[in-house]
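You will see chain A twice below: alongside chain B first, and alongside chain C after that.
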Partner chain A sequence: MSDPNIIFSVLIKLNALTGGLFLLTAFGTVAMRQVLASLNIFILQSILLAASAFLLGCQHRSLHLFAVAGITLVTKSVLIPFLLRRTLNQEVYARREISQVLNIPTSLLIVVALTIFAYFLSSPLLSVADEPFVKSNLPIGIAGILLGAYVVMVRREAVPQVIGILSMENGAFFAGVSIASGLPLIAELAAAFDVLIIAFVMGLLTRRIHERVGTTDVGRMTSLKEE
Partner chain B sequence: MTNRIFFNVIQVLVVMAFAPLVKGILNRLKENIQSKRGPSIFQPYRDIWKLFHKDEVVSEQSSWIFRATPYVVFVTPIFVTLLIPVLTGYPLFFAFMGDMLGGGFILALGGFFATLAAIDTANPYGPMGASRTRMVGFLAEPVFMIVFFTVSFVAGSTIPYIVQKHWVTPLANFFEPSHVLVMLAFLMLIIAEAGRIPVDNPAGHFELAMIDESKGLEYSGRGAALVKWGGAMKFFVLLCIFLNVLVTPWGLAQGEALAEILLAVPLVLLKIFFFVLVLVVIESSFAKLRLFRITEFLGAAFVTSVAAMIIRLLET
Partner chain C sequence: MELIYILVISAVSAGLSLLPVRRKFVPVITTLGSLAILILSLRTALRAARGVEEVALMNWISCDSLGALVLLLVAFVGFTAAIFSWGYMEKNVAPTNERKIRRYYARYNLFLLSMLAVPIFSHVALVWIAVELTTLLSVFLVSFENTTEALEAAWKYVVLTCMGAAFALLGILILYWGMSISAPGPFTWAGLAMASTQISPVLLKTAFVFILVGFGTKAGLVPLHTWLPDAHSQAPSPVCALLSGIETTTVLYAILRLLPILQAAPSIHVEAWFMVFGLLSVGTAAFLLIQVKDYKRLFAFSTVEHMGIILVAAGLGSSAAQYGATFQMVSHALSKSFCFFAAGSTLLAVGTRDIAAVRGLIRTSPVAAVALMMGGLAIAGAPPFTVFLSEFSILKAGLASGHYLITALLALFIVIAFCGIMFPINRMVFGKPTEPAGRATVSTTSIVTLVLAGIPVILLGLYLPGPLLELLRLAATFLGR
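Here is the complex of A and B:
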């Protein structure tokens, strides 16, 4: 009798752990200086997202959450990094310093404030939900969205901005999987495919920018220029 | 009662005896990874022995602080040893004299005196290293505080013996996100506090780049030996707090028999050995940070510990 309870509590803790690490990787995308390091952090975050979907699948005993985990693992941690690596040349990734609007310690403090804000934002929603998984995952997902948006705002380089958008999507997914675990598989598939296309298009766009202007430092492109 | 005092003394002796060995193993493994042969793992013992047999030179310009500091640096880790679980899983005689915060203060006292002594001799490199250590120190302080707050909030106590029990009863507590995040933050703190590689290079001999080492440059003979030994013991004590309280609270003696206590010694050393392996990997795969990047490193530690606190506070 007590056996399912123990499994349940361990599942809750493990899920909370993936949530905590997910939040940490979201901090990582803000704190990393190298382009390659932030791409690696994004891969890690996607793996954690897949792990969370897998744990939720264990909890709800639903096959399609396992499928979601598999799709996430394949698209986000293998295909998208591969695409981003292939469409852009190596010189972009070899650069060690990403220029940004605010320095990193300030960014980290703002990010902490954003996280707390996310918790307060989700607290009225949490009073409706009574599932422990929703309680731990929803605020972290919202924090992921906010942090991704912050990365897009603060970085001046194209590739980290792309990674910011993708990690926003990761955050939305992280919250969404826990709220609406009964979403039809076709919707998840469409979303995953969508992200793939987005990454591909943005990668190509960045490549074009790089070819035309010779840099991916989009922060300096403030005015249009005619040749 | 007398038993427990006796065990406490054994703890101190273990820390004194094995602290240089840990340093030796760490240095040896680091050199091995760089495909060198490296010094013997007993080299720190030989260094300390040699220094004890040499004459001490003390500058005439220096005050009593310079002469007293080696003893303070040597004694403070011993006091902390009395407070923390090194070998036993149950509180010993002095366990309730001070909590983890108290231990932190005692260690900070040693650091404070080392700083004063470094400034005292007016050796140009001493004050430089001292001010850098203080910089790292005051950046690490808030992280320390938040880690302790989180730990005491989660476990309901700041006494290390009680905290250590909390993580494993039931085992699911071990996987708590706040626990893992606190572990990460504390690992970064240990690296900063012990002057290991992303923050400071302990093997460097270039005075301008030194942070931690340059404070002891002026010491010779017995003073140098005590400072060296004290530094090794401080490192050992930090590892004990990290491993026995936060990461792996297993393998400690639970009974009162002497044999069990003695059995705990190799187990604790084994744990430390595995952690040293991890540390060597970290040290070999990162470059030393520039001085003003240390803010970012400790900022990351701060954010990690704050995240641990937030998750814990708002999850229920």
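Here is the complex of A and C:
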């Protein structure tokens, strides 16, 4: 047995582990009641995304993916949490969300169904290319997107909704590092900048809503609708 | 080089808007900047009408005829809305609150920059970023009034469209993947259309569904349109003209670009997807129009309807229908921005958005009344306005290509929408006022905008200038293989 093969199989196993943990954090964003806890889970998820990019970088020996890992680590696990903490005061983060649209056990069942659906969606795609990294990353990335969308729909607090959107982007990039590793660095940089603006704009808007309406319970803002 | 100048000018005017100088300076700079952009876009469009593709940076920044058409529309509406903002801000923001005015214009210019970037960028990943930026840079324009309703509308707008953007991002990454494993080349619209015959149909289809859901949310396609009437009615009127008139058009442009790429795999039936989603949007919007109680919401629902019409026209597939689709893009953008200028003048005159509260507008403010009547007729598709011509050409092309059922349904929905728009406007303009009201004046800049925006709405309904006709024809060729 030669050296590169062992390294390769170790990298695959490590990447599969990262993928599993990534999926777990996506479940966590659904299950956490406390606002601060969901922010912390998001930080963990971003670190896992960077780790997967790093492992893929080792496999492809590409500096490019190391750069992506670095950018992700700096923007998503340092700058975004910093921005969100700066724009909103402690009171918002100490909140616990008592009433979600659905209770948490039901939510978790739906989320499991969504994950299975993600694997179902990606199975025809995987037949196109036989790459072990794509096999683990693509379905988990799609699951990350679907779970993030679910979080946005069921959570009523503003900050968990923002985190739902950011974790959708994380899901897209988790699939992206495996399938689109050759994307020009300028596009990656612009996308990271873009995610930063999402956090900034939504954080600021949450603050405005907090000042004007007196709550960050955006799920209850329903004055605009058809009669 | 024009393309680079266009981007630089709008960025510079955004920066200059923040300078703490005399308050007249900011609107003047914005208007002059958007005028310069309009002139440069016109030059690009004229060259594109002769079949010359403007390339500023190979594979990154370039503008073919379809791009040039959208660029011209964005520049034109950006210019007229800049003039309209002038009077609107004067009346709605206290003169002492200079900071708020400066911020408005800075955001206005940045928003315009992001919309100009969508047709100018040819690298697909950058197009996604530009589309996402159009949302993020316009959120605070939607919430500008800072009322509870405006904040709610802005929140719904940013949450739903950002969710859509994440779906679209995955779709675009899958397209890139497909290209990199089977036919490596530049990741541009043209490169994709060339390579797509070699990309596996499964990948194309999955990518298409993700992008259609993602960008469809932002273009306001049913059933993902729910944020649109809120955001497009709560924003200040000049911003509504941008949102409804051209922002939706730029996103739809990105969806339409997929058509030649997807046609490479006939098993996907991309035309059928377009027609089904288009008809669904037209039909739902037509019936929702009937129950609307707010006249800005009325025009917002009409945007959903028109996005559907363009999608159906693109899906019909014949070259006549493709021409109809590009023509409809032009006539919708021009007419819809005019409608929101008219609605904005009405709002300034009467101070309420409630349809039931406005009666006998023709006596209170004849200018606003005439503009509102003309806008309603123009967008509903009455002759001799431009929407009539473009809708007529689409219906004719539908019959000629043998899609009788789809054409009949489309015609029916258009008629329902016509009634839904014209009945309330008729009552607002000619209805008997419950209490005698004094005359309201319309500011000079509003009148100037209404005249400037109104000229093409009438003119293009009577006569299409040669270069524009050529540009529409050339642009239509990009909607099919």
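Rule of thumb we're sticking to: the second predicted complex is superposed on the first by the 220 of 227 C-alpha atoms of A that agree within 3 Å, B and C clash if a C-alpha of one lies under 4 Å from a C-alpha of the other, contacts with A are read in each partner's own complex, and residues count from 1 in each chain.
Note that in this section contacts are C-beta pairs under 8 Å (C-beta built on N, C-alpha and C of every residue); 3 or more make two chains touch, one makes a residue touch a chain.
Since we're looking at a predicted model, the values are computed, not measured.
In the superposition on chain A, contact of A:V111 is made with chain B only, not with chain C.
Put chain B and chain C next to each other and count what each touches on chain A; the higher total goes to C.
In the superposition on chain A, A:G176 makes contact with chain C only, not with chain B. When both complexes are overlaid on chain A, the residue A:L196 reaches neither chain B nor chain C.
In the superposed model, A:C58 lies in contact with neither chain B nor chain C.
By the touch criterion given at the top, residues 170, 172-173, 175-178, 180-181, 184, 295-296, 299-300, 302-304, 306-308, 310-311, 314-316 of chain B touch chain A in their complex.
Residue ranges of chain C in contact with chain A, taken from their complex: 123, 125-126, 129, 132-133, 136, 139-140, 143, 146-149, 151-156, 158-159, 162-163, 166-167, 169-170, 173-174, 176-178, 180-181, 187, 200, 202-203, 206, 230, 234, 288, 291, 293.
Put simply, chain A touches chain C in their complex at residues 121, 124-125, 127-129, 141-142, 145, 148-149, 152, 158, 161, 165, 168-169, 171-172, 175-176, 179-180, 182-184, 187, 190-191, 194, 197-198, 201-202, 204-205, 208-209, 212-213, 218, 221-224, 226-227. Chain contact summary for the complex, chain A toward chain B: residues 6, 9-10, 12-14, 16-17, 19-21, 23-24, 27, 31, 104-105, 108-109, 111-112, 115-116, 119, 123, 135-136, 139.
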